[in-house]
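Think of it as A, B, C, D, E and F in the order they're written, each chain with its own count starting at 1.
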Amino acid sequence: MKVCRRETFNSAHRLFRSDWSNEKNEEVFGKCSNPNFHGHNYVLETWIEGDIDPETGYVIDLKLLKQIIKSEVSDKFDHTNLNLDCKEFENLNPTAENISFVIWNLLRAKIDSKFNLTVKLWETENNIFEYSGN
Amino acid sequence: MKVCRRETFNSAHRLFRSDWSNEKNEEVFGKCSNPNFHGHNYVLETWIEGDIDPETGYVIDLKLLKQIIKSEVSDKFDHTNLNLDCKEFENLNPTAENISFVIWNLLRAKIDSKFNLTVKLWETENNIFEYSGN
Amino acid sequence: MKVCRRETFNSAHRLFRSDWSNEKNEEVFGKCSNPNFHGHNYVLETWIEGDIDPETGYVIDLKLLKQIIKSEVSDKFDHTNLNLDCKEFENLNPTAENISFVIWNLLRAKIDSKFNLTVKLWETENNIFEYSGN
Amino acid sequence: MKVCRRETFNSAHRLFRSDWSNEKNEEVFGKCSNPNFHGHNYVLETWIEGDIDPETGYVIDLKLLKQIIKSEVSDKFDHTNLNLDCKEFENLNPTAENISFVIWNLLRAKIDSKFNLTVKLWETENNIFEYSGN
Amino acid sequence: MKVCRRETFNSAHRLFRSDWSNEKNEEVFGKCSNPNFHGHNYVLETWIEGDIDPETGYVIDLKLLKQIIKSEVSDKFDHTNLNLDCKEFENLNPTAENISFVIWNLLRAKIDSKFNLTVKLWETENNIFEYSGN
Amino acid sequence: MKVCRRETFNSAHRLFRSDWSNEKNEEVFGKCSNPNFHGHNYVLETWIEGDIDPETGYVIDLKLLKQIIKSEVSDKFDHTNLNLDCKEFENLNPTAENISFVIWNLLRAKIDSKFNLTVKLWETENNIFEYSGN
């Protein structure tokens, strides 16, 4: 049984490698590397897979999952600049793939290891990403 | 090849174990255990996995799948109180996990065993559930 | 300039006039009058029309509007049975038209009279309602 | 007859008045005034009202409207920082109200005066804005 | 008070004037004039404005409105070729504007004159049309 | 890591086997076999599974994926009649299952074999299809 909580956060970012010049960054990442940043409404689905607890009829209490997402994701990334404000991306290019990877690892550390975890991230309505660990 | 039919149904329910007191139910389930019930527009995706029939180009005729969902799910649960009107939840707490489990079993009994079956259920736009059997 | 905040609430209800028999109620309202209730995820858009405040660039601070909607609508109706739990519908049939009318009046009393007010309510994805006062 | 073209653009911004201190900005605008910016996927509906041209059956060729939106809105604002990159907001706080006002004026200058014009802007899925001129 | 019922229909069409050559049609209408047609999932919102009936709490019974839309719109246009199968477009170019105009007139003839009527039509997720009569 | 690009195309089609009579086609496929065709707004999600390239932080540049979808799918099928205009369906009934199969094969030929590929196709908002190869 899989259960999911959907949340959103709004952030600025630019695709950028600090070991490349602005020109090289623009050549590879195009307008996504605008030096003054751009931004997105990120939509995040957090999927937990496990057994139904016969006591509660829940896999996991979604109120609890919501709190974990708040403390691990929203409080860290919402209304921030991913490149400048977030230590997770100090040395990591904030592509949606890397954002998904970072979020998965932040959540994985807080979610009981008996559960499988998948995150699905919409950067725009047309660009979607999914990560379940290796 | 997987094919899916999406349908909706509207029901009242409360999260409730009859072997617990109202106080214990409220402590565990919070406002979802309101004694006078609350309700949802449930959205159900029914996914069938199988081979394409070379005769028709269908995996399964979705008109047929729609009829099965109507008789097994909509006719039973739409515009009902899951706790009071539905024998499936007489002794089962109608969490979305348990609703998904019940629907999967109702549909599984009517769908050819050569097909795999998955149900995906939205209880709200932010809480989503998926079950594929064991 | 019009600005809108979108919120949701989940309630049980039945269409019912206490001065009619159950039979008359069922004849007129059909399955929507199921005696044990059914329910919906209501989606509410609250639209405020006014001038942009040159100080803030806002028509109204949407954080404030969100608080008004919480205290006047969500706290009253979310996770309730509209017929049994809400004094507003003690003697009023909770059709979506009447729910829209009640919500508009509750919000109107709390929103500065310099603003025009419109509420738009989705009872299902196919049934939508809008009220702007007389 | 009204016709509409829907487009999107992705921008960074912060709510900010340069004649106020960062502290005053944060007091009034909260996390929306984060000094390093945040961002959004803006969704823009551009509505044109006019008569059907009996020659073409169009009010306006939506391919033409799409080009006007591209040159006046997307090319100016997509993948930018509204505060730093866009002269329209050099001295104007980029609230969604002001963005709607700016876009309406940019489009109004390029659309035949025989047509009425309305813009509708989603800053998030819950915050929506609409402007039709005075 | 305004109430709305949302329905969909799926049709083939081409933009085409029979008094123009295929070349002229293609010059004006581009790929929308492909001689072998293309098609759309049309989404139709039918909005009725009137007073709440104090007897029922309805403006109009949406089950009744649904039946009118079925007989006047879906039965006529769903799973058809608008150009070839529908007498309404025998001599009328089936642009979305003209489709909206035709639907409005078909519904207007069946809906009590005490009600105002507006139709809103999505031809794609990005092209939207609205007609309320003159 | 999975990444997805979402695109749309609008086509006419009819379900039809040329080795069956019109009567047999109508008996099996119903209104979907209307001789003059009907049509749909198809929504296509193309999912690529692979490792994150440590150089770019991308699995695949979505601008590149968008170009491949344009040349292999949109340029071939958008604003066409699948039965009459597209050689892929000259001898293949254009059910959504077969359309998904054809699109998967067209894309598979152009996408590096180190990536897994899945296509997900919405024919309507209620009928969805997914294919990942054998």
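Operating definition for what follows: contacts are C-beta pairs under 8 Å (C-beta built on N, C-alpha and C of every residue); 3 or more make two chains touch, one makes a residue touch a chain.
What you see is a predicted model; the values in this text were computed from it and never measured.
Common neighbours of subunit D and subunit F under the contact rule above are A, E. Common neighbours of subunit B and subunit E (chains touching each): C, F.
The distance from the centre of subunit B to the centre of subunit F, each centre being the mean of the chain's C-alpha atoms, comes to 29 Å. With centres set at the average Cα position, the gap from subunit C to subunit F is 42 Å. Each of the following residues of subunit C touches two or more other chains: 125.
Every pair of chains meeting the touch criterion is listed here: A-B, A-D, A-F, B-C, B-F, C-D, C-E, D-E, E-F.
Subunit B meets subunit A in the complex at residues 15, 28-30, 92-98, 100-101, 125-131. By the touch rule above, subunit A contacts subunit B in their complex via residues 1-7, 45, 47, 52, 56-59, 62-63. Of all residues in subunit F, only 8, 10-13, 31-32, 34, 36-41, 78-81, 84-85, 124-125 touch subunit E in the complex they form.
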